[in-house]
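Chain IDs A, B and C follow the sequence of writing; residue 1 opens each chain.
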Amino acid sequence: MDNGVASLVGLVRISKSYGGVRACREVDLTVRAGEVHALLGENGAGKSTLMRVLSGDLTDYTGTITVGDRPVRFHGPADAQRAGIAMIHQELDLVPGLSVAENIFLGREPRTRLRTLDRRAMLRETRTLLRRTGIDLDPRRQVGELRTGEQQLVSIAKALSLDAKVLIMDEPTSALSSAEVDRMFTVIAELRRAGAGIVYISHRMDEIGRIADRATVLRNGCVVAEFDARDMTADQAAEAMIGRPVRAMFTTHETADTGEQLLEVRDLVVPRSRPGRRDPAGISLTVRRGEIVGLAGLLGSGRTELLETLFGAGGRRRGSVIFKGRPVRPRGPRSAIRLGMVYMPEDRRISGLALDHSVLANTVLSVVDRIARLGVVSRRREAGAATRIVRDLSVKLASVRDPVSALSGGNQQKVVLGRMLLTEPDLLLLDEPTRGVDVGAKAEIYHLLGQAAQRGMGVLLASSELAELVGVCDRVIVLRGGRDVAELRTEQAGEADLLAASMGEVVPL
Amino acid sequence: MTTDFVAETRRASVRSMVFRFQSLFGLVAVFVAAIVFSPSRDGELLFLTSDNLFNVVRAVSEIGIIAVGMTFVILIGGIDLSVGAMLGLAAVGSAVLLVENDFGLVPAVLVVLAVGLGFGLLQGVASAVFGIQAFIVTLAGLQIARGLARIWSGGQGVAIAYGEGPGEAPIAFSLLGERTFNGLVPIPALIFVVVAVLAVLFLRGTAFSRHVYAIGGNEKAARLSGVPVTRVKIVVFGICGLLAALAGIIHAGQLNQGSPNDGLGYELDAIAAVVVGGTSLAGGRGSVVGTVAGALLLGVLNNILALNSVDTNVQLLIKGLVIVVAAGLQRLRPS
Amino acid sequence: MRFLVAVLVLGSVVACGTTSENRSAGPATGAACKGAGGKYVIGMSQANVAEPYRQRMDDDIRAAAKAVPQFEVRFTDAQQDNSRQVADVENFLTQQVDLLIISPNEAKPLTGVVKKAFDKGVPVIVLDRKVEGDAYTTWIGADNVEIGRQAGKYVAEQLLPNGGKVAEIRGLAGSTPARERGDGFRESIRGRRIEIVVSQDGDWLREKGQEKADAILKSTPDIQVIYAHNDPMAEGAYLAARAAGRQDALKFIGIDGLPIPSGGLKAVEAGRLSATLIYPTAGREAIESARRILLDCQQVPKTQTLQTQLITKDNAAQVYAKENPGG
């Protein structure tokens, strides 16, 4: 419309309420051909709702959607797809039991002339799509066997196969390694050249600076700022998102080289590793009290498996683990918690929380049998414990009896953290604690980790966000192929050093 | 701040109350409907006669007791299809032990309860330790329990005669069938009430119950939070088996016979009571109060349909509709 | 764990209760009689209408009651569940029916509730299967031993006058009719050079009859007659023989002779079965007794044994027509 570039899709005064809560208020947004339009905002700002409206997933909104200047009304995702709008969801909508090819062509499988399934065409086209996406995968593999990052790339390939004019990507890189992110950005650049418009939702400022042309910031369901993404600074964006100046993202804590040794792992190996896992193949590391140690490495380097193994939730191991001065071998999470370790799993929806249970129930779960006397739980003491920790961590909620699903991602993650801290642990094992968490909550979580370290706990933090590792940790241990290949002190090393160490040369399996 | 918090908490509870006790409201509704539609004689509503009301409770007591156990299993996201067969096995066991083996009352009851408990625990082990789906484990358990019941009984009903002599069961056992407490309340109904009250208290206030709900809500998260998942699951199946055996003992006492075909299809009636009671088959959500209300609701419904001589086949249709409606209501609840 | 203990304790509380017998004497049936001017509600508690025989029993009662304007009959179906049948009878008592007809699922479990009804002064007519004791007004049914005897006699005299080999497909193991139909049959073939070479349980079911006959035809191919304890199993055996191409070489006898399209009468008429023996449903007789008790204020005999009838190709069509007037 303006400056001569064709508008592919326009949202005009879109509003949408859930019950009494207004998720979007009179939002205007245009997506032009050949641009990457970043959509920013804290969790709960209305980004996902807006995109679900645009992709036909939510149909009871007010306002107008225009496609090529013609007003349209979608009655479901299929309508939107026909109009050339496709969305890659944050929650992957792939069928785990089907193959990569079957997933990509689900519901619109190519047919032979005899109307039977044309397997060969399906595999051929899938290979082409995967090549464009930049992953090397057998299209016949079951999606359920793939790692999260690979699944994410498959759903991107699926979206590509739709030949969409407008592609909505909701945190597409949250489970990707840096190399995979690079390849995906190449794909995006290619799409942009071909004249597609892309709506890109992400919490990662560095990514937005790299690929976005324009940025729109939402707060409380309203558009609060628009930027030319190329001149936008991370601080500007963050300030617009949270509505006030950001305090320092990474609160530093006193580096504690002098703390007593808490954990010493030597030559940790899981001999009978199951397929699809990158179990420890020889890892040694130490964590002192008061220290935050990072675990870096590409997807599939074995970060998650290492944490699981330490926590007793992985396979049978060899090698020694000395914890608080004594060799330990937890038989499972329960005994690990008794020893003083706690674990925050990678995906809070799948393995962290019972989403439709109350905040209270989720928070006290690890200590409920300690609270109980002769097996009977005092409701008062239970609620007291939950309320105290929820306040300590400043979780934003109406009532501890509300379901966890009513909270934003960052607050959900704090509930998991609260559950861990209630056990009064010595060692925190954290896997991607800030994935899918907005800027403000991220800073708060870093702050809480710093506090925990200050109080003498040790923290082992696995992350694929290099800035996070450099900003938060005292030391970072780099894993590759299930082994520790480097250890960097963050006083001296930066993100580039971490990345280089993570990539390294290819280690044979 | 504190008062705000408490007030908010209370408001939230009020909001979810309607749905939490959906089946209680349903029970009240069906009860009122039963009064409205009750046939009357000599100006007296037949439905409301104390005889009839106690008949209703007595008639649901076996299914109700089983359904209480089933609630535990369904709360952890499982299912137990073996309870009807277990009832048959326990009924046969009671009859054989009392009549043919001349066991005393207490030893016979304890042995049968132990059989139910042991059977349930074994199913729990198969499901929790070996990771076989509960549906399959208990489907197999159903066959095994029926088979055991046939073998133990010699393939036919074992009649229970009462008396002091050999081959006769202690007269006290006939209490279950004929006697009432206080001249009014049937003993099976009384047992059902006691079991229900114990289960309600148990599920409200124990650490074990928190673990049960957590496993149903998200088993993986529960395991990683230090819940002894395997142990809890085994015990839950044990409780379910134990209660099915208790229902079987009552069954034998009420009918003066233990037959290997007893309890055919009871598992489905019990599941229906649990579902009508608002417990989610996906696990993690529900209550024993709901189940008890669900069982009574179905019992009152059965009774009022029968009192109005509604055709048995039509009764099946109506009951089916009630189950679907109850399940449908669950979808409306706020999550 | 405390819960388990509690349940165990509960179990023993039940077990330790005391008892006091409270048996009242049976009433006179005359109390229910209000004469021909009254209106009467009769409750009919059926064990399981999924069995064609019992469905026919209900139909016969319905048809017969139509002729008595004072009667309104209400039917229940316990779906083969003793507990449900107990509840059905209790509901009839709550409804204050004037007379109870019951076709019990099993004797022992229903004895108590039948006695309860009888003690309350409700006349009780028991059909087919008996209950224990004498707390009922009248029992109407057929004599299964006699039916078995007649079947044996027919085989001995008509089918195998010179002796031969018979296979038996029995009813549900442990059920009284299965035992009686088997015993009667053996009684009348004794000393006639007829031998039952194989005997299998068919659980009263057509498909089981077929399955067992399949096996029998393979293991003992030299049998000449298959005696099944009911018509559906006999029909199943016929199907098995036809599959083996031996349907004409063998003779089949069943029992029940239901006058319905899928029943034994039609099977005999069509020549699939050589003979069947009528097992009367007693439906019509039950209404007749109810009329005598309620309308005529008369006593009825405590036991009414109905006669069976041998059905062969000669009389099958004629009996069917008589049992289904106008259709």
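One rule holds for everything that comes next: contacts are C-beta pairs under 8 Å (C-beta built on N, C-alpha and C of every residue); 3 or more make two chains touch, one makes a residue touch a chain.
These numbers come from a predicted model, not from an experiment.
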Chain located farthest away, centre of subunit C as origin (C-alpha): A
Chain centroid nearest the full-protein CA centroid: B
Approximate Å spacing (C-alpha centroids) for the pair subunit A, subunit B: 44
Chain centre separation in whole Å, for subunit C relative to subunit B (CA means): 33
Mean-CA-position distance for subunit C and subunit A (Å): 70
Subunit A residues counted as touching two or more neighbouring chains: 375
Residue numbers on subunit B that touch subunit C, as the complex places them: 39, 41, 46, 49, 51-52, 55, 59, 62, 105-106, 108-110, 113, 117, 154-157, 159-160, 171-179, 187, 191, 194-195, 198-199, 202, 238-239, 242-243, 246, 249, 251, 254-257, 259, 261-262, 264-265, 302-303, 306-307, 309, 311-313
Parts of subunit C lying in touch with subunit B, wherever the complex brings them together: 3-4, 6-8, 10-12, 14-21, 49, 74-77, 79-83, 86-88, 90-91, 93-96, 106-109, 111-112, 173-175
Residue ranges of subunit A touching subunit B (in the complex, touch as defined): 311, 313, 332-334, 336-338, 343, 345, 350-357, 361, 364-366, 368-369, 371-372, 375-377, 379, 383, 387, 398-403, 405, 419, 423
Subunit B - residues contacting subunit A, complex: 5, 8-9, 11-13, 16, 205-208, 210-211, 213-214, 216-218, 220-228, 284-285, 335
